[in-house]
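Dumping the structure here so I can ask a few things about it.
By letter and in written order, the chains are A, B, C and D; residue numbering begins at 1 in each of them.
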């Protein structure tokens, strides 16, 4: 079943086009990783998809509802995990959840249970009555997620849920997402962390300049875009190795030396590892070889020439 | 009504707010009587200032929601922006009404001469709503809680002064007397003068009507929903 | 988010300026507190119009309030400018003219009010047309882009058809070549090879000499045939990577470096034409708008894709000259028609990356 | 002296706090304007224009809040995450804290002088001997800074310390009877004659104007001695908090 879709959606701020005839379809049970650099239109896409902001043209469908996609009935089935930590600092963790459960119309026993469940889900049961002021960044993030889960949504939108937190909490959140996936929840996930998308997304959508420029599974994307191979070779004495000779081996594009590690980038399928190794062995001992597989980061770089990561530094 | 209850809870959960909400009104009861002016004890003449302060303190809760992005969550939740605003304002107005009741009732118990306490209560309640609406419109201009509060303090001082709450308006130069009418505080001080000297009830109703007109205008201006 | 100045900004500005005018008139005029309520009521309606879009009949309220106060204050005469403005803004010409004339005639107001109401009408009309134009303009732009995208889709289909045609042509050509080779060379070479085999077993010296002469003749003939065939088949125009190199070498304004990797022969011609225009566009762009001294061009061909990246070392340029004034936008569309992507960035020098996938099994076999 | 090189930047930080500039410079100018407009032509019993007195009091009132800036800076530099960085620097931390205070005082006095000049030239307020007026403004800024820092060092919650500093300012404004008249009993008279910094400073300036030099020196010396005593208190409290 189709959970949500956008057809030819155009969104403009003044004369700036932020979404340019965007088409997107999300099926039930999918986990979609939405990638894109700063200003690509990711957040705007989420905001139009949830009816937060109006748009100029096109059509949004939620749960098959074309006429009134943003009715309260449909909104009750959506959970939004915001990019900022949007919780009340002056209310306890439990009260925060009660607030959102109440806004979603849960009452009495049902509310109590769902709040308890959400707390357990993110592992904050033992801190239910503590003020979030005293929480660590990761715990706040987890509470931030829990606030979107109390009403057991079928479709969860997560806008950078793991920005700036410790690896442990991040793992916790990723595990939680996997658990949600197993329960059949559909998830739209934006992040800068490629590993996360690689680990959990069933489909990746890459945006740039208000348009979706590529979509597919992680493997598909990597396969189509793979155009170079990276090999790192640890040697006993890098100084002895004639670099210009290495560079002239067919297929080799670049040779970098870092201490006693040599990194060689060559064309895809060049099959030159033997020659490289024999060349190196003639001058120094080889301690270890490590071949880097291309990841989504490389996919992104190939497609746009931009780094996805540099945004993290700004935050 | 979840938003309503939690709004009440949040209003009381912060120490500074507690002081503003309880200590100041109670303190106002015990302020002395002036010699020639004002006609009511100082605490009652200046209660409008407290109401304005409390108004902005309460309204910054909405500003905080916006700054933190909670409004984004609520935009996706099955509640309208209108419900969100009305429930918040309802909670705030209940607090302000309670305060007015405490101040008037306390004053009567303390033995102040308040002429028509019941009408004074009506006047204070009307002004409370005006103050809330003004604060709501004010915070719709700002992103930072601190800045909006600090600048508002200066603005409060000006409108309170020019509206004739700190000094009798008759002492002003002619042009300022005319300009004073523009400020909602002028109508509060007019109302207080009516409580002491007035007898034509229609005049008092007009004064309250103007305060309500201000309330609606500022509510309309402040009701804008800003996501980013 | 960058937002251009909206016409609505000026419309609301006009509304509130008018309220301020009324307040001013009130202060210098009668300054009766009761009449101030009229101004508040008009302010209320103005702020409602600021926040919501009220229907045209809502001007009845303004009119009603103004009429109500006509016996008391002449501020209401000035206040009539507001409903008049709103009527014109909504395009209700008839009503607005009626209102204008009736207020001039019936109220026997001063000249000043006449001019005030007239300017209200004029500004209203101006705003009406501005808003309308703005709307029409945006609609047109949207429609334009949409048809562009539809065209793209059509082009993609055409290209696909084109591809299969070129594939067909290639197969035909290959058949022709093989037949030609077979006809011209096959016969002689087979003969020569048989003759050499025979020569090995030959004992008669003279006959052997003769046979060798025969082989020599046959090989000579086939060499000529081969040369002729090849000469007939190879084109005289440069294509592909060579052509790109030529373009780059023709550029002398700044340093260029060109690197290519992979099997450039596997790239079909229609992709070359796109890459070529992309390269030209970028080079002329850099030459024209940037202070760059060096451009690195990097062409990579793999089994799955062609990637052309062009990076110069210019410092940040004016965005306008880059994006709007250049043909990059149309190139972007063309790339998309080929299922590829073209992305532009000017964070560190000017960088254009064009990626086009190669259909597996279609173009290479 | 490494600390001295930082003072320039502390000063930059202060000048670039636009909200402080707004509250301590623009707002007083606006209020001065409004007051002068309202009180134009009104005279006191002695026949002097009322604005004279009002303007002087006004400028002095704003000096009461001049300590807030140094207080905020000491807090962020010594009691928040930035603390580690500051302590890791190879200079004398106490001296650095002291330099922040000096900057705060200088900045506050500068704003006071601007206001003074403004009221003198625009509204014709009579400040008498300028040097004396600046000296009194300086004393008030000094006292305000010391008091604010005492709050910062003695209260753990900075929010509460901030509120206390506001109570110090607003409280003495109310005690001075500027918002509404205070009862004329002995207690209030005593406080306003010997304790309240605003009235002390105002009396010192009036005293000099009306050539009661002895009286004026007496008031200003109370301020000076109070600053001296509180400075020692501040040092003791500060020693516990800043190494």
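Note that contacts are C-beta pairs under 8 Å (C-beta built on N, C-alpha and C of every residue); 3 or more make two chains touch, one makes a residue touch a chain.
Just so it is clear, the structure is predicted and the values come from calculations on it, not from any experiment.
Undergrad: Does B-D or A-B have the larger number of C-beta pairs in contact?
TA: If we tally the C-beta pairs in contact for B-D and A-B, the bigger total goes to A-B.
Undergrad: Looking at mean CA positions, which chain is nearest the middle of everything shown?
TA: Central chain is A.
Undergrad: Cα centroid separation between chain B and chain D, in whole Å?
TA: Averaging C-alpha atoms per chain gives centres 31 Å apart.
Undergrad: Just the number, please: Cα centre separation of chain A and chain B in whole Å.
TA: Each chain reduced to its C-alpha mean, chain A and chain B end up 47 Å apart.
Undergrad: Whole-Å distance, chain A centre to chain D centre, using C-alpha means?
TA: That gives a centre separation of 53 Å.
Undergrad: Just give me the whole-number Å value for how far the CA centre of chain C lies from that of chain D.
TA: The computed centroid separation for chain C versus chain D comes out at 61 Å.
Undergrad: Which residues belonging to chain C are in contact with no fewer than two other chains?
TA: Within chain C, the residues that touch at least two other chains are 1.
Undergrad: Answer with line, ring, star, complete or other to describe the graph linking chains that touch.
TA: other
Undergrad: For this structure, give each pair of chains that are touching.
TA: A-B, A-C, B-C, B-D
Undergrad: Given the complex with chain B, which residues does chain C contribute to the contact?
TA: 1, 23, 27, 31, 33-34, 36-37, 40-41, 43-44, 47-48, 50-51
Undergrad: Flag every residue of chain D that touches chain B in the complex, lowest number first.
TA: Going through chain D, the ones touching chain B are 19, 22-23, 27, 30-31, 34, 37-38, 40, 42, 159-160, 163, 179-181, 183.
Undergrad: Can you list the residues on chain A that touch chain B in the complex?
TA: The contact residues of chain A facing chain B are 47, 50-53, 72-73, 75-76, 78-80, 82-88, 90-91, 95, 98-105, 147-148, 157.
Undergrad: Touching chain C in the complex: which residues of chain A?
TA: Of all residues in chain A, those touching chain C are 8, 10, 12-16, 18, 20-21, 56-57, 208-209, 213-214, 223-228, 251, 253, 267-269, 302-306.
Undergrad: Going by the contact rule set out above, which residues of chain B touch chain D in the complex?
TA: 15-16, 31-32, 34-35, 42, 46, 146-147, 150-151, 154, 157-158, 161-162, 166-167, 171-173, 176
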